[in-house]
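Structures are listed in the sections that come next.
Two complexes come next, and they have one chain in common, chain A, joined by chain B in the first and chain C in the second.
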Partner chain A sequence: MAGRLISANHAAALAATLAGRANRTARGFCSGVYPITPSTECMELLCNQEFEKGEVVRVESEHSAMAVCIGAAASGARTFTTSSSNGLALMAENVVSAALLRLPVVMVAANRALGPPWNLWADHGDTLLLRDSGWVQFYCADNQEVLDTVLCAYRLAEDHRVLLPVLVCQEGFVLSHTTTRTEVPSQEEVDRFLPPLELPARLRDTPRALGGVDVPGVAEAHRAQHHEAMARVFEVYREVQDAFERELGRRPADPVVPYRAEDADLLVVSMGTIAVTAQRAVDEARARGERLGAVRVRTFRPSPAEQLAAIFRGKRRIAVIDRDLSLGFGGVLWGEVRGLAEPGAVVQGYVIGVGGGDVRPEHVAAVAADLAARTAAGRPVLMETGA
Partner chain B sequence: MSERPHWNVPTGASPLPLEIRVHGRGGQGGVTCAKLLAAMFAEQGRHVQTFGDYGSERAGAPVRAFTRVDLAPITNRNKVYRPHHLLVLDAALLPSGSGDDVLDGAGPGALLLLNTARGLAAFTSSHDAFRVAAVDATAIARRHGIGSAALVIVNTTVAGAYARAVDLPWAVVERAFRSLGMDGDLGAAREAYAAVAVRPPRPGAIAPAPRVPAPPRPVLGLAEHVRDVPTALPTGTWRTQRPRYRSHVAPCSAACPAGNDVVGFVQALRTGGVEAAARLLLATQPLPSVCGRVCPAPCAAACNRAAYDGAVNVRALERWIGDRLADAGARAPLAARPRRFAVVGGGPAGLSAAFALRSAGHEVLLLEAGTGLGGVLRTGIPAYRLPLDVLDRDVARVLATGVDARCGVAIDGPGVRALAADHDAVILAAGLPRPARLDAPGASLGGVRDGLGFLDAVRRGERPTLRGHVVVVGGGNTAVDCARTALRCGAARVTIAYRRGREEMPAIPTEVEEALAEGVALLTHRQPVGFAGGGAVARVTLAEVEPGAPDASGRRRPVVTGRASDLACDAVLLALGQGPDPALVPAGWSVRGGRCMDGERPTDVWLAGDLATGDGTVAHAIGSGRRVAARALAAVEGAPVPAERAAPAEDRVTPAHVRFSHFEVRRPRPERHAAAADRARCFAEVNGGLEDASEAERCFSCGRCTRCDTCLLSCPEGVVSRSGDGYAVDEAFCKGCGVCVAECPRRAMEMTLDAEAR
Partner chain C sequence: MSEPSTVAGPSAETRPTPLLRPGNSNCGGCGMSSALQLFGRAVEHRRLQLVVPASCAAVTAGPFPTTSFGVPTVLTTFGAAAAVATGLSRVARLNGDGTRVVCWAGDGGTYDIGMASLSAAAERDEDVLYVCYDNEIYGNTGGQRSSATPAGASTTNTPAGKPEEKKDLLAIMAAHRVRYAASFSIAHPQDAIRKVRRALDATGFRFLHALSPCPTGWKSEPALGIELVRLAVRSGLYPVVEIVEGRKLVVNVEPDFSREALELYLSLQQRFQRSGITAERLAPAIARRWRELRAASGRILPAEREA
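And then the complex of A and B:
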């Protein structure tokens, strides 16, 4: 059996390394890193890699880590960083800067609940805090997907029709610290898939200030450009999938992954590994004769609204499971998709597994049972996993 | 162990998918254990998944890890709730009552692999629904040195036992360990693979019911958060080992031939001043001002600080104490039943024996053949190293105790018999008065003389006039003393000829350096084979010497070659060592184990100092005198002879035990030396000693607690508190994490095993 026994943290670091080396004939690789559980092992492995053209810079904060990536990306280097939780919160100002400067930075987040009180475990609230920062966001469901998505992220981010930073999310511990067989491509394969980075404009010998001032009219135009670039992501991503399949022999997952959804009476929509658990619950429910289906939202930004609306067509009952809670509102994903169903459909929000609760198939079954008993959507249901 | 071609499905296991749960404590390596298991099954071509149940990640806390094995890719992202195999890295984690969840969800026939020192027999009546396997992985891993003193890491050892319990071939274990770079632990794994014992489940036995999930803990009301809620978690139950305050042996003290509590007196000087330090020092050492000048200081050579920023200058501190000690000694009261001792020889060994016995309340008659007490200290060590007034002050302190000392009394064999008849015991400490002769042609020429005799003459106030080139033969302190004294007596040029290399010279290295600084030349690997001259010596023939095969002491035996050359000279001083007076031990007696024997009858006549050991330093002589005195006294009183056992090597504090980062770099304080040009022609003392006692501040205090509070400050649980002269550890909450022991800068603590069955 091919593949290496590695964690998702290490899969991400190896993908970044391969991508970084693939840019050796251009402006090389640069990464600013600062440790935080559960993303630390990713930066540690990266720090131990050797780059014939490039450097991993250990800085004093997450804010500076992203600053390193911004400077390096602006001068044409392929860039990478990784963080989690409050580290992302501290980084946020420069996260926004990287996007508004349209720099193709790639970041891997090991999702962890924001504190205090301090909690180390999986929760999507940290990356969803960056929802409106202008980054593309992917949520992964296994180690292989983390590695593949990081590679795809570079090709997507660096495409001149996009030129946006990409955030690849993997749940802390559930993925970051779980070891499974993962296929790691050769440098030659990655070289074929990832051409050297060419920016339409980059910093050279002349010092320049980045950013400057956007007066109202120009700001409107910049925002519109940014928004349109987001809108082109799905089209470019399809080409990335094709190229990846051609060079590496497997096809990365679609932005939205339906599972036995076509004939389902009841749909469960979720992100990350909970969506895979939901697929196991679907199999169990189908075995009992219940027509349950599942939908995994893999690309959260740009919003896959059209794809979801197509899947939701004709569905009367849709459960949305969030591993996050927008306080005073409900689940963030639920808020995003509840308007995509047909009028009159029951789209009920459930919040499970925040702060690392182990969401199991029986929880998904409980969600389905609750939804089946409803005639109208109510306030979001906050559930406890008990573990 | 036979190699099996295929992996058999483990007895009692469910078919694939296989779910494994590992229970351990933080620091035992449970997550890596689960990963090793996964690697073994991956070697068998299975899909695997392995992860830890990460918590607060603190040493000692119960932790879990999981491994799944399947034929198809694994999509289950949940923890393992229904394990087929349970590995318990610390059997003390097994249910002792309520609240434990180690066995939770395991069905009948599940494999339960325990790391326990109690053996399978201890589990005959319990857990009979399970297939139980037992191995003492802690003992095996400890033998193989896996982990640290604070924590034995058992994961790899347990993995080896597991492989055997599920019939995995050894080759698979080897490949799995190699794939994770853990080959180093294969020895322990192999031992566990062979040692694990397995017992089948009892048919029909009922497994414990799965735990009913506890209701969610109530969330504290808002006001509750501002109160200091006492923790309800007695973390002391997590402990497998516990910290303990225990002194260890400092290398300086272990190295001292006199048996001084070196670290003790240096620390006493630092905290309590000269008088406090002297109280400790005088318990073993009556001549601190002397040793503080002439001791080769093996304490400093062994000092752990040498591995950091330079050894502590212990000798100079001893001198500081001796020179500033106001106490001139006092008459020691007599014991209730005083014994009568005679000591023959007033050198350091005799003075030490006399001091020890008189201080213990016994009558001591000290007989010295020479005109003054001190032996070679008085006759052989030049004034520029040891001024007479310094020697006299130390000797006076010995005599002040009430020793009856008589000089000018030479004792021979019949004299010893007479003393033995008059006294409870006699200690012979007459040293080695007979200089070794050189058997070479011309050795009796004028101008060739014995070095010790030369030094004695100078010490007595004679100033023999030397001129021209003086050759000194030898490599010990006497040779160096002769060379430097010859310079001071007018020699224009002095050469030391020594048959081995400079590193092998027994002389104190700093003395050699000082001699070279004063202009003495050193010719190594040379042996005189003849002297020539008309009446007086004019030439010495020096043959080249090559190092030969090592002798019993490990030193390479010098081999004289045929290559020789002549060296013109005007005088030769021979410093080739000394031998005992053959007439001292009474005729017909023999010596066995430092004691005179009359036939097969042990007498109460004992040998001490150089006469007994030939070690040749003042410190050795002092130690020998005191120890022989104790043996002689014990023999007289019919008490058991005090055992002299060196501390076991594992109790010594080595540089690896010292946390250097705790200490600021601080170079040794120099002693004040007269300039070479000023000192080389006069007998004034060369070394002026230290300016102050701050050198004592540099002592690490190896193995002795200094109340530095590092343990208290570094305890993650805050359960160390000051108590009396030391510290107390709250056992209810100490997790045995070992941070205090690891952080202790000086090895004043250690981890000890907690009983497994708590």
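And then the complex of A and C:
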């Protein structure tokens, strides 16, 4: 283990490299990559790595990048790709297909707003567009978490009780281009943590069609199996956390991370780096004597509904901050969690930081002040940071 | 075995299972069925993985968990066959599997929506054999025009006949300087099987093109498919050629440029009736195409020289 000053893009690329090399005794590693701001540096670093048994294919589109991963994963290799924004949108049909084929692909997204009109900056709308694609989704809070989550993603995705692709999200520029001290494990440590991939139904020589026509009844059965695999994610993830802690000496974060929430009168729920900002706002509010608490949703799919409902028990006022806007509805996270609070609780949605608006502790404090003054939830509040 | 034998050589018995199994749901007289059977005869002992994008051939596979293909197959999204094949092929090579990865795609998935991934895989010289069975129509969606549809052909979205000429895909692939690019005819099985074997045994990117009659879309007699292709070859409408490394072009079946064959080809398909396209109107384009082919073959100098 060595501490290095790296960006989240490089943390993701190093994790993918270590995971790819760890599969050298099995079917190896194969990745399809295509550049797009702000995820580009991740694929660049990957393209500079040496693999004893691995390939990085420089394809002509994100659509093909995921297609390469599909072919390679069907053949039993460990796979990886990275993208952002419109790249994810172009890739979308293959993203769905990778999930429905139950291939354990791992992808890192540097979150960025969709366009045109072009916008290069952080927004969760791109990966939330893939909410229903059948992938597990993690949202990270810092560079260390990006590296650790990518490693965990492989062990989780490849577990035979799960066999699902995993999307690891980190906000563009806020994390992707920000350099922080990050512990990078050695190959030996990763080899101990990540067993070689054994895909139970990989394509060999037996004639069978992967992705043949699913008639209605069969499609229902396959969706049910997929949904049940999602339901097993939290149980398997706990084992992944244990194994990670055992081999690498630190425990990856839980699917839901409460912060001073137990005795809080007001709760602020959010994802990604905004949740870290919220924690600082909580400390400042506590210093003023206000009982503010925060909740970070790290695992968005599968939905951590039970964990959130437990935290929401007895809470009367909950603010949900979204760095995305489902136009004509409101924040996506707000829509997901507002039904989990107790009846009569005020669950108010706030949309802030879309298209890269810089969210600072004072914005979270303004959210808390607005929430404290409410007796009933209203329409989602769209706040501008003026950044 | 129930498959008719059209050519001497390895019989169906030498293969563990036929490439196209009996009981598949292809239309009667489907040219893709004929092309697959020819292809299967050439495969023999070789280990194969098939990649099939959205197309009639995707339906050929049949409903889960059955398959009408005698080899492992991945069904992919419409435009992604060459890229999925890239992943399979790279991993097969990393592991020394000795598996030949073959894309089996229609003209929609090749000429149109799959063009970018096809071009990129050719440019990267992936170790993939890409076969386009070209029925000149979006058959699986009920018969719409593609850029492979010839001028004058009626389709459901060009009812008066397509005004534009067919895209010259083989020339596009040759321009990529791929290792081997060839067109084969289901009416000329010896030539076809030789080409399939050559393509299967070469490394790097290879491309095969097969004109594939679609009785449903062409509004032609199902039993006449092979004869229609023979007429297309005779008249010069469908050149049967091979191109090595994008340079050396060889004409494998010499047409007699019979006007009668061309007239017969048009009259046996109702898709050409409404536009009233005639052999006379097609003749100049055929002559122009063949001047280019002669020039590329270098065997017979073109009659006209540029000033």
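Following the convention adopted for this analysis, the second predicted complex is superposed on the first by the 380 of 387 C-alpha atoms of A that agree within 3 Å, B and C clash if a C-alpha of one lies under 4 Å from a C-alpha of the other, contacts with A are read in each partner's own complex, and residues count from 1 in each chain.
Basically, a residue touches a chain if its C-beta (ideal position, glycine included) is under 8 Å from a C-beta of that chain, and two chains touch if they have at least 3 such contacts.
What you see is a predicted model; the values in this text were computed from it and never measured.
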| item | value |
| --- | --- |
| Clash or fit, chain B versus chain C on superposed chain A | fit |
| Which superposed partner A:Arg360 touches (first chain B, second chain C, both, neither) | first |
| In the superposition, chain B vs chain C on chain A residues touched | C |
| Partner chain(s) touched by A:Cys69 [first = chain B, second = chain C, both, neither] | second |
| Partner chain(s) touched by A:Arg316 [first = chain B, second = chain C, both, neither] | neither |
| Which of chain B and chain C A:Arg192 touches, first, second, both or neither | neither |
| Touched partner set for A:Thr179, first chain B, second chain C, both or neither | first |
| Partner chain(s) touched by A:Ala209 [first = chain B, second = chain C, both, neither] | second |
| Touched partner set for A:Leu120, first chain B, second chain C, both or neither | first |
| After the two structures are overlaid on chain A, angle v-u-w for chain B, chain A, chain C in degrees (C-alpha centres, nearest 10) | 70 |
| After fitting on chain A: smallest Cα gap, chain B-chain C, Å | 18 |
| On chain A, positions contacted by chain B and by chain C | none |
| Residues of chain A that touch chain B when the two form their complex | 1, 5, 38, 120-121, 142, 173-174, 177-181, 273, 276-277, 279-280, 358-361, 384, 386-387 |
| Touching residues on chain A, where the partner in the complex is chain C | 27-28, 30, 32, 53-55, 57-61, 63-65, 67-77, 79, 93-94, 97, 203-215, 218, 222 |
| Residues of chain C touching chain A in the complex | 17, 47, 49, 51, 58-59, 61-67, 69-77, 79-80, 82-92, 94-95, 99, 116-117, 119-120, 124 |
| Chain B - residues contacting chain A, complex | 35, 38-39, 42, 45, 47-52, 54, 74-79, 179-180, 213, 216 |
